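Heads up, the next two complexes both have subunit A, just with different partners, subunit B and then subunit C.
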Partner chain A sequence: MENEKALKKNKMGMSHAIQRQQNIVSYIFLLPFALFFIGFVLIPMGMGIVTSFFNYKMNAFEFNGLTNYIRLFKDPVFLKSLRNTFVIVITSVPLVAIFSLWVASVIFDKNSTFTSVFRGVFYLPVVMGTVPVVVVWKWIFNAYFGILNYLFKALNLMPQNLRFEWLGNKNTAIWCILAILFTTSIGQPIVLYIAALGNVDKSITEAAEVDGASKLRTFWMVKWPSIMPTTLYIIVITTINSFQCFALIQLLTSGGPSYSTSTVMYYLYEQAFTYYDYGYANSMGVILAIVIAVFSALQFRVMKTDN
Partner chain B sequence: MKKFIAILLVALLALTTVFAQGAKETATTAAPATAKTEITWWSFPTFGLDGATEAELIKAFEAANPNITVKLEMIDFTSGPNKLTAAIEGGAAPDVLFDAPGRIIEYGRNGKLVALDGMFTSELKADATSAALLNACSDGTTYWMYPQSSSPFCMSINKEMWEKAGAWQYVNTEGARTWTTENFAKAMEALGKAGYVGLNVYCGGQGGDQGTRALVSNLYSATIANADYTKYTMDSPEGIKGLKLLLDLYKKGAIDAGMGIVAGDELQLYQQEMIASSICWGTSNAKNYKSDAYTQFVIPFPSEDGKPALEYLVNGFCVFNNKNDAKAEAAKKLIAFICDDPTYGPKAVKATGAFPIRASFGNLYEGDAQYELLAEFTKYYGGYYNTMKGFAAMRTQWWNMLQFIFSGDKSVETAVADYAKASNANL
Partner chain C sequence: MEIKKNSVYSVISLIFLVLIALLFLFPFYWIVTGSFKPNPNAIPPDWIPKALSLKHYVKLFKQPAGIWFFNSVWMSLSSMALVLITSSMAGYVLAKKRFSGRKIIFSLLVCAMALPKQVVLVPLVRIMNTIGLYNGLLAVILPSVGWPFGVFLMKQFSETLPTELLEAARIDGAGEARTFLNVVCPIIKPAFGALAIFTFISTWNDYFLQLVMLASRNKLSIALGIATLQAEMATDFGLIMAGATLGALPIVIIFIAFQKYFTNGITMGAVKG
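Then we have the complex of A and B:
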C-alpha cells in the first residue's frame, strides 16, 4: 500500500515535470510567431488605440481626449460611410453564405473532375488578386465600351444612345461594388462547404432517407447541424472581410460618387493619407474594430454549437 | 538529445528574427563612421518608368563624387504618395525625393524637410525663365524644393472629328492658338449635334484633376485661389458661371461628366476616339497617349478674353530632414548636380519632356514644332496655388463638388459654397 502511494506520488511528480517541459518546448516553438504577432499586430493595434485620443497629424501630437470620437459622430461623411458599410455587410454576408452553400450542395457529391472544375472556376477570382479583377470589372461597367451596356442595349433594356455610368451613378455604384465583392468572396466558402458536406456521415443521411425524410428535411435535420461550425466560420470571416472592404472602392470609385460608396475603411484611409489626420483616422479604426467585435460575438452566440 | 536539438533550432530561429533587424540597424548607424555617405533617392516616374535616366545620372554623380553613394527607389503615382506618408511617419523617409511642389511644400510646412534657401542663389534667380516657377518652390517663407523643369497643361482635340462636326471653324490655328469661351461652347454644341462627345469632365477621383480645374477656372477667368494664396475662391460669380456653362453643355449632351473615371481613363477614351478632346494634355501624355489614327491638335484652355491662365507642372527635388547633416549635404550635392550641371542638367530636363527652369540650358527641342508651340504656352502660366495649405484636402473637395453638380444632388451654388467652406477650413 505504501509502495503504491509512493509510486503514484512519483508518477505525479514525473508527469508534472514532463508536462512543464512540454509546455516550455511548446512556447519556444510558438515564440517566433508570437513575436511577430506582438510586434506587427498587437503593438500597432495598441498604438492605434492610444493615438486615437490624440490630435495626431504630421506636425502635431497633442492629447485631446474624446475629441476625435465626438467629431466622428458629428461628421456626415463618416455617418454615411458607416451606413454604406452596414449595407455592404448585411447584403453580402447572407448572399455569400446562401449561394456558396447552394453551389456546394449541388456539386459536392458529383464526380471529382466535375467538382474540381467548378471549385476552380469559383476560386479563380480569389487567386487572381484584386487588381486584375477590378480592371476586368471596370471594363464591364465602362459607360462607353462596357459589355454590360452593350448587353442591355442588345436586349432593348436601355436606350441605344445612353452611356450609363454604372460606377458613376450614386444609385448603382454600391451595387456594382457588392457584385464584385460577391464574386471574390464565394470562392473560399464554396471550397469549405464542399469539404464539410463531404464529411457528413452518409449512414445518417441514408438512414433518414430510408425513414422517409425528404431531401430538404434530410438537409435541415442532418446536414445543416453537421456543417454549422463551417457556416459559423464562413459567416464570421465574410462579415470581417465585408467590413474591411477597401481595395475595390479605392481602385474603382474613390468613395464616390457623392460618397455613395465610401466605407469606414476607405474614409479612414482618406483621413490618414489625404488629410494626414492620423488621430482621427485611428478613432475610426477603433470604432470599426468594436463594431466587428460586437457583430462577431453576436454571431458566435446565435450560431454556437456544442462542437 | 532530440529535444535539445529542437529547442536549439527554435531558439536560433527566434534569435535570427531579432538580430536581422539589429544587423540592419547596425549597418545604418555605422554608415556615418565610414568614409562614404549613402543617401536614398525616391523618384516618381517623371523621367520614365524604367529608372534608366536616374541610373545614368547617379553613375555620373558618383563618378564626380566618389564619397557619396546613391540608392535609387522608383515609386509610382498611385501607391507612391501613401508609401511616402508611411515612410515619413515611420521614420524611414528617403534623403532625396523627385516630385512636384504640391506634396513637397506640404512636407516642408510640416517640418519634414531641410530648407534649401542657400541653393537659391542670385545666379539661379537671374537664370530662371520665370520668377513664378521659383516661387512655386516656397511656402512663402522658405524654399523647400529645388526646381528642375516645368511643363504646361493644355487641351488636345481630334482634328478630323472636329472637322466632321463643323467645330473646326471655332479653333484658332495661329500663334499660341488661344481661343474664347464663346467659341468653346459653340464647338461643343456642334460636336454634340454631330453625335460626338465634346469632352469628358472626369471627376471620379483625384487623378489628373488639374485638367478640370484649368477648364473650369479659365472659362470666365475665375481663380482657384486669391492673389496672395490665402483663400480658395472658386465660389466667385465667374467660377459659378463656368460650372453652370459646363452643366448646361452636359445636360444638352454636348459633353460628358465622368463621375466614375479619372484622367487616365479620359486619356484612353480620347486616344480611342470615343471623345473628341482631352483636357489633361501635356508633354508626357502626348507621348503616352499618342495616336497615329488621327491628328491630335494641341490648344490651350478657352478663356473669355482669349488669354488663358494655364496650370503647369513643376518638377523638382527636396531633401528630407533625417537628422543627419552629412546625408543632407550629400543630398543637396546630388540635386544641384542633376539640376545645374551644364551637361547632365539639360539631359535630365529632356528626359522629363518638360522645359528647363534655367534659361542657360537653351532650347532643348529645336526643330520640334509641337514643343515650340508648348513653349509659347509657358507665357500663359497662371498662379501656382498648389503650394497652399490644405491643397491635398482641396483636391478631394474639388472632384466631390463636380460629382454633386453633375449628378444634380446639389445646385451649382450650394456645391461650390460647400466646396469653398470645406477647402478653406483646412487652411
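Then we have the complex of A and C:
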C-alpha cells in the first residue's frame, strides 16, 4: 500500500528529464502522420479559407474581401444548389436512420451466418463503389435500353410508345438520385446498429419481457436509450455524407436538367474545374463546411438534451 | 395471443427484408450478367443470360483497362501500407503517452475529421500542381494518408493495451522502438486487419479524389476509366458493365473474405459517447 502510494507520488512528480524524454519520443512517433496531415489536410484547409477572400483564377490572384461571398448569395444557381442539398439531407437522413434501425433489429439476434449474409448484402452497394453502382443504374433508367421503362410498360403503367427520360426530367431526376443515394448510405448504419443492439444487456430486456412489457415497449424503454449514442453518430455521419453528395450527381445528371439536381458540392466542382474560378469555389467550400459544422453541433445538442 | 402476434410480425418482416435484400443484390447481378450477355441491350431483357460471350471483355482490354486496374491496385496498396505505419504509431502515443500538447493535437484531429474531406480538394490540386505530382498516382496516395480516421481507430484500440506490459518491457530495458514493434504491434493486430481492409476499399472507391488528380488516359484508376467509357460510349452497356465488373468484383471478393475485419473497423471507428 505504502509502496504504491510512493510510486504514484513519484509518477505525479515525474522529473523534467523524463517528461522531456516522453515528449521527444511521442513527437517522433507522431511525426510521420503529422507530415501527411499538415501537408495534405491542414495546409489546403488554410489555403482554402484564405483564398476564398481572393479573386483567384488561372491568371488572377488579388484580394477582394467578401466579394465572393456576396456573389454567392446573389447567384441563383448557388441558391438552387443549396436548396437541393438541403432537400437531399432532409429526405435521406431520417429515411436512412429509420430503415437501417429496422433492418438491424430484424437481423441482429438471428444466427451469425444469417446476420452476416444480410449485413453483407446491404453493404454491397458501398463496397462496389460509386461508379459501378451509378453506371448500372444509368442503364436501368435509360429511356431506350433500361428495364425500368420496360417494367412500367409490362405492367401497363406507361403508354407503350413512351420513352421516358427518368434522369432528363426535372421532376424525376432528383428522386432517382435520392433512391441511389439511399442504397449506398444504409450499409454503414446497419453495421453500427447491429453492433449496438448486440451490446444491449440481454438480462434487462428479458426481465422487461418477463414483467409483461410488449416488444415495442421494451424497445423504447430499454433498447432505445442504450443505442442513442449510435443513433447520434449515424445521423451525424449520414448528414455529412449527404451534404457532400457529388459523385452520383456528376455521373448521373451533371447537375441537370438546368441545375435541378445540382448540389453545393457539384457546383463547387464545376466552378473550380470547368470555369477555373478557384476563389469562388473555395468560398462555397467554406460555407459548406460551416453549414455542416452547425448542423452537426445542433444534432449533438438536440440528441443530448433529449436524453 | 401475444406470442402469435409477435411471430406473425416477424414472418412478415422477414419476407419484406428478403425482398428488399434481393433489390439490393440486383444491381450487382445486372452488372455481372450484363457484361457477359452478347446483346445486353435487348428489350424485353434476358433476366437470366441465354448465352455467354467474352466480346465485351476483349473490347475492354483494348482500352488500357489492365493499366487502370493496376493503377487502382497500386494506389490502394500503397496508401494502405502508409496508413498502417503512420496511424499505428500516432494512435499508440496518443493513447498511451502523456506528453505536452496531446490534448490540443487530439482536438485538432477531431475537428479535421468532422469537416468534409472534399472541401480541401481544390487547394489540394493546386498544391499537387505546384510540387509536380498532379496527374500521378502519388497525388491520390499521399492525401489519403493525411486523413485522421486511421489514427482514431488505432488510438481507440491502443487504449486497451495493458500499461503493466509496457512498463515491464521498459524495465526489461527495451527501447521505445522495440517496445512498439515487439510488444504493441502484435497486440493491436486485429486493428491492423480492420484498418488495412478499410483503407484499401476506401482508396479504391475514392472517385472524387481520383477525378480531380488524374487526367491522362493511362494514369486513370479503374473507377475513372469506367466513368470515361460511359462518357464516350454512352449506350455500349456491355462494355461499360465489363468495366464495372472489373472495378467491383475484386473489391466485393475482398470484402466477403474479410467481412469480419471490415465490420470491426467500422464499429471501432465510431467515436463512442
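By our rule, the second predicted complex is superposed on the first by the 277 of 307 C-alpha atoms of A that agree within 3 Å, B and C clash if a C-alpha of one lies under 4 Å from a C-alpha of the other, contacts with A are read in each partner's own complex, and residues count from 1 in each chain.
Following the convention adopted for this analysis, a contact is a pair of C-beta atoms (placed from the backbone, for glycine too) under 8 Å apart; a residue touches a chain by one contact, two chains touch by 3 or more.
Everything quoted here is computed from the prediction, not taken from an experiment.
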item: Overlay on subunit A: subunit C relative to subunit B, clash or fit; value: clash
item: First, second, both or neither for A:G129, with subunit B first and subunit C second; value: second
item: Touching partner for A:F29 - first (subunit B), second (subunit C), both, neither; value: both
item: Subunit B versus subunit C as contact partner of A:L192, first or second or both or neither; value: second
item: Which of subunit B and subunit C A:F273 touches, first, second, both or neither; value: both
item: Subunit A: partner with more touched residues, subunit B or subunit C; value: C
item: Touched partner set for A:T253, first subunit B, second subunit C, both or neither; value: first
item: Touching partner for A:A289 - first (subunit B), second (subunit C), both, neither; value: second
item: Partner chain(s) touched by A:V121 [first = subunit B, second = subunit C, both, neither]; value: second
item: First (subunit B), second (subunit C), both or neither touched by A:R163; value: first
item: First, second, both or neither for A:L148, with subunit B first and subunit C second; value: neither
item: Segment of subunit C intruding into subunit B (one of 3-11, 21-29, 39-47 or 129-137); value: 129-137
item: Contact residues common to both interfaces of subunit A (with subunit B and with subunit C); value: 25, 29, 32, 36, 144-145, 272-273, 278
item: Subunit C contact footprint on subunit A (complex, rising order); value: 19, 22-23, 25-27, 29-30, 32-34, 36-45, 47-48, 51, 102-103, 106-107, 116, 118-125, 127-133, 135-140, 142, 144-145, 147, 150, 154, 183, 188, 191-192, 195, 214-215, 229-230, 233, 240, 243-244, 246-247, 250-251, 265, 268-269, 272-273, 278, 281-282, 285-286, 288-289, 292-293, 296
item: Residues of subunit C touching subunit A in the complex; value: 2, 6, 10, 13-14, 17, 20-21, 24-25, 27-28, 30-31, 34, 40-41, 43-45, 82, 85-87, 89-90, 92-94, 97-102, 105, 109, 112, 114-127, 142-143, 145-148, 151, 176, 180, 201, 204-205, 207-208, 211-212, 223-224, 226-227, 230, 235, 237, 240-241, 243-245, 247-248, 251-252, 255-256, 259-260, 263, 266-267, 270-273
item: Residues of subunit B touching subunit A in the complex; value: 3, 6-7, 10-11, 13-14, 17-18, 81-82, 85, 88-89, 106-107, 109-112, 197, 203-206, 256-261, 269, 272, 274, 392-393, 395-396, 399-400, 403-404, 407, 409, 426
item: Partner subunit B, residues of subunit A touching it in the complex; value: 21, 25, 28-29, 31-32, 35-36, 57-59, 141, 143-145, 163, 165-170, 173, 252-254, 256-259, 270, 272-276, 278
